[in-house]
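You will see chain A twice below: alongside chain B first, and alongside chain C after that.
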Partner chain A sequence: MKRWLPFAVFAVLLGFLFVGLWLDPREVPSPFIGKPAPAFSLPVLERPGQTFSPDQARGRPWLLNVWAPWCRTCRKEHPFLMQLAASGVRLYGLNWQDQAREAADLLAEIGNPYVLNAVDHDGRAGIDWGVTGVPETFLIDADGIIRAKHSGPLSERVWNRKFAPLLQGKGS
Partner chain B sequence: MRGLAGGLIALALLGQGTAAMEARPNADDPALEQRLLALAADLRCVVCQNESLAESRAPLAKDLRQEVRELMRKGRTDREVVEYLTTRYGDFVLYRPPFKPVTYLLWTGPALFLVVGAIVWFLTIRRRQRRAAADRVLDDDGGTQTPLS
Partner chain C sequence: MIPELGHFALIVALLLAVVQGTLPFVGAQTGNASLMAVARPAALGQLAFIGLAFASLAYSFLTNDFSVKNVASNSFSQLPPVYRLTATWGSHEGSMLLWCLMLAGWTAALTVLSRPLPAEIRARTLGVLGLVSVGFLAFVVATSNPFERLLPVPADGRDLNPLLQDAGMVLHPPMLYMGYVGFSVAFAFALAALLGDQLDAAWARWARPWTTLAWVFLTLGIALGSWWAYRELGWGGWWFWDPTENASLMPWLAGTALLHSLAVTERRGQFRTWTLFLSIAAFALSLLGTFLIRSGVLSSVHAFANDPARGLFILGLLAVVIGGSLLLYAWRFPRSGTPAAFGWVSRESLLLANNALLAAALATVMLGTLYPLFLDALGFGKVSVGPPYFDAVLVPLFAPLLFLVALGPLTPWGQGSVADLALRTRWAFAGALVLAVAVPFTQGGIRPLAALGVFLATWILLGGGVGLAAARRRSGGSLGSLPRGFWGMQVAHAGLAVVVLGITLVSNYQSERDVRMNVGDHVDLAGHRIVFKGATGRAGPNYVADRATMEVTAPDGRSFTLYPEKRKYNATGVGMTEAALRTGVLGDLYVSLGEHLGGQAWSVRVYHKPFVGWLWAGGALMALGGLLAASDRRYRRAAATEGPA
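On to the complex of A and B.
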């Protein structure tokens, strides 16, 4: 019995290490889940002269996708975003740390899945939302509360695991 | 090997060079810069997670340092600055996480290991002593009972 103890300890340690293999260190718990969406008021990319603030999107659940034209991973998730937009999901863009011109040109070229894009040129709004890199996507419910966050590109798998169950629960 | 070491030294020097370059615009207030660096050394850069906010060269880290600088200029205390960062990025930015239920094990873990180790050590020593004592008794008995050969 005593002889097995070191093996048992070793097995437990091995178990922890094995689980650790599959953990993503970038998956940092967001302190915003369950909190109201931080406010901002930023110029709208598609409609010069207008501004957008998160309050305007209230009433139905919506997504805020933080992206930038210089970001390659954002290009990878773009087809899925187009698919989401086509299925009726309200997708807003936060154009992070960027010259608005480039974003407009790019969207004209590859298609624009966004209801609109807010231009966060100096990255302040991104900081207020705890953005660490692009792309990041937030799910905000009808009352303006952040329900989920994903760092990295959105995909069907991520969508079904993280976002879709929440939307069904709310009956979007 | 020597080439690698040389490269590392060059990298380290390069890092210092850029840090000095970035600090230049704020040379007008060295005290504030000192305070910023002292605080940022205990904060984690959220992009490159193994670097502190003080030493990271990531663009976001630069922005955050600028943000912290401005908060300090507005007269915010260190604690308020840390609060500003933790409401946005969570306790994750702190290299010294606060003592609360999720971190109890983290903080008390080393002491717990020490205590468990001490108990195991104590039990082992006691068992060995008992066995040694028992052996001695056996030897004594054996000594009297050993048949003469």
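On to the complex of A and C.
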């Protein structure tokens, strides 16, 4: 019936809007998921003279957290990263575009949650990993395959939703 | 103390809205005059209390009361006072409060000016507005309290988003909201007509000037928004087909269709059901626009998942207000439609075409805006719909619409003839054809789309001239005695033509250069020579900036200096590009400072934007036309002679 058409269309629209409320339009799936972690070989912040490449972390799942000392949001997730590190998660840092080289001083001051930090001064490794901003966090499994990615600060909520389910059963 | 006062005033306003949304209905149903009369003091009281709440919030902003969470999140001690004031509506909470204030303002204006209306209709109309107000005030009070305190009190605020610190943003949101909310009046009239089963054409005459006025505000709001984007986003774009913009374009398209269908309903008593539907649709789309922006469903300004309460509340409000009115519409759907009493070539048929094309354009914009949401909700992944879609589908819809704009006013009501129309417009047509070739030729080459755009714009202008000449003959040679409604239409259509000219020329003939400049380097663009004289540091009130000095020599030999800036805001550390413009009738020169490349070198972007100013000038003309039409003596006289029933 013609007269009910506007209401019917609106009801369908309402349904979509309701579903839409629970979706995040900014969350774009990373094309890197399911692919091997891009290789790099970068100096280690904590141990001058040594280099780190993702292959060295193989064997158990690990996290790569891309951050920078100039990034305020990174400071916001820092307490949670400390918590993660304390609970035994293997957290590696990618110290991204830190032209002022403040990372070591900053970590000494606020605490270092990372096993180690790879120093990516010019941001090239970040480009290979598809980093668009900081902070970003990748989950890499024991075989060196990227399993999850989060743009923005990590939090308990994000962790339980995106990362914890993937780690369960694999042992972290 | 002041914020608590504001909060309290808001709650009182909510209670008054409940009164306004219930008792007048009961009065109208039972014929109780004193219950119906409650609407007026309730509406005026509501305006006073929401005004008080709004003033309290503005006071907290102006006095830097950072113990108020909203102030702490959106203001800063170094923020200049004018932006502290505009920060009042710069946040979600403040903007919803502004929404309520606007609604109360429209309602109060209606109570004052609607005395001549039949008492039941007046009571029902104000009752509907009261119910809408209940919904929005409850939303603010329950989920978006702008007066929430913050403990411990921060030493300073987090500053207003630097993008919003601009003259265009001072007026854009109030204008836009005035438009959105203004459609509530036509909506309330339509619902009152449906509720009272008085579906004659009378309500169309009452609703028409209000709708026109709302449309004027919405037009200005959209134009200001576009002007702001042009100046502030740093690369001279003026429309992005962004969900936020589409959210304001959809009610505008529905409102434009409504203006034209109201004309038919008022003058000829036709299209009644359709006009009712459009009145509901225009306001429904305003609400939908508010929802789309405020919930973050499409453009996640605030990650929505953090606060589902707000989105759910507005969605519920949408369901009740729009769903309820569409159900009422279906239920009271006039059984006996008025048979079409007009010929194939008549003003009615042209306005019908206008409505069909506007409705199609509206559906197109809506589909493009919501498509990503549809696919995502159905699990088909993420897509984004951008300018290529909108350009491709809207040009074929707007081109015939613009062609008909020139013909509509020249065609008589009832029955006209093609031969007569062709005869009257032959010179306008020929003139437009000549200009369609000549104007693009002077701008650097003929392109099909440029020729089409110029043809349509000049066709509207010349067709308007034909109409003016005919009206002048009919009125015995005096243009001054023509009614304002006629002038309003002519001015608004001319404004549309000016917008079309601006869009056509700037999108076809703009040029840009992206260069690295050292001190003393120059770049040539569209006959201008721009010389980089160096950049120096400068401290603004709440930012520090690198300011470049650019000496420009125009094609006519005159020279002037532009100072584009790269700013860094103190509170947030956010960087902003503040472009420098030289505005002219024939076009703008736009210089934007990019990155510092070391030493004295900077990356610089320069744009030449021919006729871009016509876009906003045309928008202002359209609004002026609307104002003229809304102030036509006919409505004032009609109101005066129409004693209470």
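Definition applied: the second predicted complex is superposed on the first by the 155 of 172 C-alpha atoms of A that agree within 3 Å, B and C clash if a C-alpha of one lies under 4 Å from a C-alpha of the other, contacts with A are read in each partner's own complex, and residues count from 1 in each chain.
Rule of thumb we're sticking to: a contact is a pair of C-beta atoms (placed from the backbone, for glycine too) under 8 Å apart; a residue touches a chain by one contact, two chains touch by 3 or more.
Predicted model only: the values in this text are computed from it and were never measured.
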Chain B versus chain C as contact partner of A:19, first or second or both or neither: second
Contact breadth on chain A, by residue count: chain C or chain B: C
Touched partner set for A:128, first chain B, second chain C, both or neither: first
Touching partner for A:160 - first (chain B), second (chain C), both, neither: neither
Partner chain(s) touched by A:51 [first = chain B, second = chain C, both, neither]: neither
First, second, both or neither for A:73, with chain B first and chain C second: neither
Contacts of A:31 with chain B and chain C, given as first, second, both or neither: first
First, second, both or neither for A:97, with chain B first and chain C second: first
Intersection of the chain A residues that touch chain B with those that touch chain C: 25, 28-29
Residues of chain C defined as touching chain A within the complex: 277, 280-281, 284, 291, 295-300, 303-305, 308, 311-312, 315, 318-319, 322-323, 326-327, 329-330, 333, 370, 372-374, 376-377, 381-382, 573
List of chain B residues in touch with chain A within their complex: 46-47, 49, 59-60, 63-64, 67, 86-90, 92
Contact set on chain A toward chain B in their complex: 25, 28-31, 97, 122-123, 127-130, 132-133
Residue ranges of chain A in contact with chain C within the complex: 1-4, 6-7, 10-11, 13-14, 16-26, 28-29, 72
